[in-house]
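Read from first to last, the chains carry the letters A, B and C; within each, the first residue is number 1.
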Amino acid sequence: MSEVIETEINELVDLILDDYKKDRFIDRVNNFNQIDKDIIKDIIYKLRQIFLPGFFSNKKYHTYTAKNNLSMLLEDVMYNLEKQIVIVLQYDTNFKDSHIENIYEEAHRISLEFFKKIPMIREYLETDLEAFYDGDPAAYCKDEIVFSYPGLFAIMVNRVAHELHLLGVPLIPRIMTEYAHSRTGIDIHPGAKLGKYFFIDHGTGIVIGETTEIGNNVKIYQGVTLGALSTRGGQSLKSKKRHPTIEDNVTIYSGASILGGDTVIGHDVVIGGNAFITKSIPAGTKVSIKQQELKMN
Amino acid sequence: MSEVIETEINELVDLILDDYKKDRFIDRVNNFNQIDKDIIKDIIYKLRQIFLPGFFSNKKYHTYTAKNNLSMLLEDVMYNLEKQIVIVLQYDTNFKDSHIENIYEEAHRISLEFFKKIPMIREYLETDLEAFYDGDPAAYCKDEIVFSYPGLFAIMVNRVAHELHLLGVPLIPRIMTEYAHSRTGIDIHPGAKLGKYFFIDHGTGIVIGETTEIGNNVKIYQGVTLGALSTRGGQSLKSKKRHPTIEDNVTIYSGASILGGDTVIGHDVVIGGNAFITKSIPAGTKVSIKQQELKMN
Amino acid sequence: MSEVIETEINELVDLILDDYKKDRFIDRVNNFNQIDKDIIKDIIYKLRQIFLPGFFSNKKYHTYTAKNNLSMLLEDVMYNLEKQIVIVLQYDTNFKDSHIENIYEEAHRISLEFFKKIPMIREYLETDLEAFYDGDPAAYCKDEIVFSYPGLFAIMVNRVAHELHLLGVPLIPRIMTEYAHSRTGIDIHPGAKLGKYFFIDHGTGIVIGETTEIGNNVKIYQGVTLGALSTRGGQSLKSKKRHPTIEDNVTIYSGASILGGDTVIGHDVVIGGNAFITKSIPAGTKVSIKQQELKMN
């Protein structure tokens, strides 16, 4: 490296180091105990191996029994999940002043509680898979859905993230669902409650907000928003019910928006494509936008 | 590992192993002969190297002639593609009881047929590239399109997947197009037929259903759905024509939906943004939504 | 490998080599001096480490001081960025006939200019982060935004790409923003000018065209298009102002489209969901689509 370039680099380093001294949020320098998104992503894929042992295998090692394989996966996920939970619990004001031993204990308690939910998550997953197969004439077989449908992946990640969210884990659930969002274009907040037999077709552009509640046997297509009426209030609206409630057996076609925390879509409703709904819809109604007037010339 | 944790893990393992015994679809444990999505992804990128030899090179090794490089790539793709085809043919009821030798032979026959299509796929690709360049004032040069436009990637993957689909390969074509969907937000079913000079701009949110037919010189923008009118029928609609036919020289602006298997968009039609079309449109028509009434206050 | 297969492969290789001789754009064989998208992606993530030193660390090595870490990162990014700039400058007609030494010098000059912008980019980033936190009741804390919000990532990549674009670097800026588009579903052209305190919520499906100008304190939701009225003109429209101007304190809700280079959205305007705007809107106006007529049965 020439001396000139060395001087240039030193000047740039000093310029940026000075900029780090401005004491803004972004100027934090210590990166000790940092959340590791790659580990969280790895946890998702290993949980998928646990949920669907016959479809996704561990390529690194071959083990001879389902039991050995499962023990190994479980230990691995538990170790890594607890380490990440220890890190994020330190963001929680309840734990800010706790002794580190207490945080370790709490992380372990949470991870055990989470693992006990696996049979329940798997039960839901089986119902989702049935709903996908029954609902989509383009599905060749259930294996195709497991291997390729983005909607099933997004729902699976939400079911995991939602349990961690209920157990009071900060940050990790949202990192999980945003990873699924990145892969699928489907943005489901970890707070959203999803019923059984949930079917998402195509999925890109779907947004399901934090306080949404969805019943059983609901179908949602690409571009649907289940959102808030307005977010003008910003942080003052935190944890208020801002997103709609969708009852059982509802179908919502592509591009529809359903907004507001008081909006209830009754059971067996069908919402047509591109409908913009801000009020409750009584059970059994078919809603569609009036034939658009088109100009033709 | 402490004894307490060992006991906890053993209990969790038993809980989940018990759950695997419920004999549901998801309870399959044997993961012998599993489809490998990473290999299918690798096949896509190596095919791209074959299609566009001057743009994407193999970083692992440097070879000195185009011929050596091509031979190596071709052998590699052939070997891996055939292995995956052998696995998926076992999902096909026609091959369920076939002797494994016959499946190997069929996989080899299919892969040879596929490779013979490469000049045709490349010819289409050249026309697409021209359409992208001519259609987009923001395109700096054709290299920029090759290196960065998601639409070209999605179309290329569809052209590959469509040929494999026509050759009767299950699962792999859809895994390919869903990979492209994940990367681009553009969801084109392998069954869809795309004409020459096909231009997709931006692309996020586009859905092109299984039985769609698209002519030459068609332009489609972000958020366009070429879909089915209803999927209530589920699996009973399998392989029926459910998606529209788009004739030559049609432009479809962002957010438009064109639905239904009997819907034919005639040649030289322009469909305006956000139009919702469920009936055929005669050739040469310009369709736009009537000026939206806006409330201003 | 059996002789039969060897013959088959040789025949396929000859078939494809023949196809390479057709002298079309795609038939370029020489891949010397190729742009490397993986390196450009790596540059993005290393710049993020420089911008946010306390949030994203280098996992490969642990260094003991912020200064050492920064020097190392900076040298690495500078080396790789200059190498890529040297390659792409050869696409620029101004440099086609330049001596390679001049291109190296120009690449170094550009990279120095770029690095001097880092404090300014970081200042903008801090304002964006504040806007995200203040605007979203679902944000748990600012760390969650840094680690998981796709909108912040897309804006950060645009701010980098925009500076390189202003410095006259071809191709690389667009490869950067298309990488962000792939990860987030948010498609912002490097030419677009973004003000301070810019907030994008959810984001999937957003398109912000090349000649868009956006003021301070603007909020944009998923599915919004800031686009051109028509692209019929193709390459003849190159570098003309085709996309709208958005003044300060504007909110644009999901699914709205604002089109045209003469369209100015005045300050403090609120554009309601799904509005389709092709004309200027005076400052302070609240625009919403007239209550959709819905058919209920």
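By our rule, a contact is a pair of C-beta atoms (placed from the backbone, for glycine too) under 8 Å apart; a residue touches a chain by one contact, two chains touch by 3 or more.
Being a predicted model, the structure only gives us computed values, none of them experimental.
Taken as a graph of touching chains, this assembly is fully connected, with contact between every pair of chains. Overlaying the C-alpha trace of chain B on that of chain C calls for a turn of 120°, given as a multiple of 5. As a whole-number value, the distance joining the C-alpha centres of chain A and chain C reads 24 Å. In chain B, the residues that reach two or more other chains under the touch definition are 185, 204-205, 223, 255, 274, 289.
Residue ranges on chain A touching chain C, taken from their complex, read 5, 8-10, 12-13, 15-20, 24-31, 34-38, 91, 170-171, 174-175, 178, 181-182, 185, 187, 189, 191, 204-205, 207, 209-210, 223, 225, 227-228, 231, 233-240, 242, 255, 257, 259, 274-277, 281, 285-290.
Residues of chain C touching chain A in their complex: 50-57, 59, 66-67, 70-71, 74-75, 78, 108, 112, 115-116, 118-119, 122, 125-126, 129-130, 133-144, 147-150, 183-185, 201-202, 204-205, 222-223, 254-255, 273-274, 289, 292-297.
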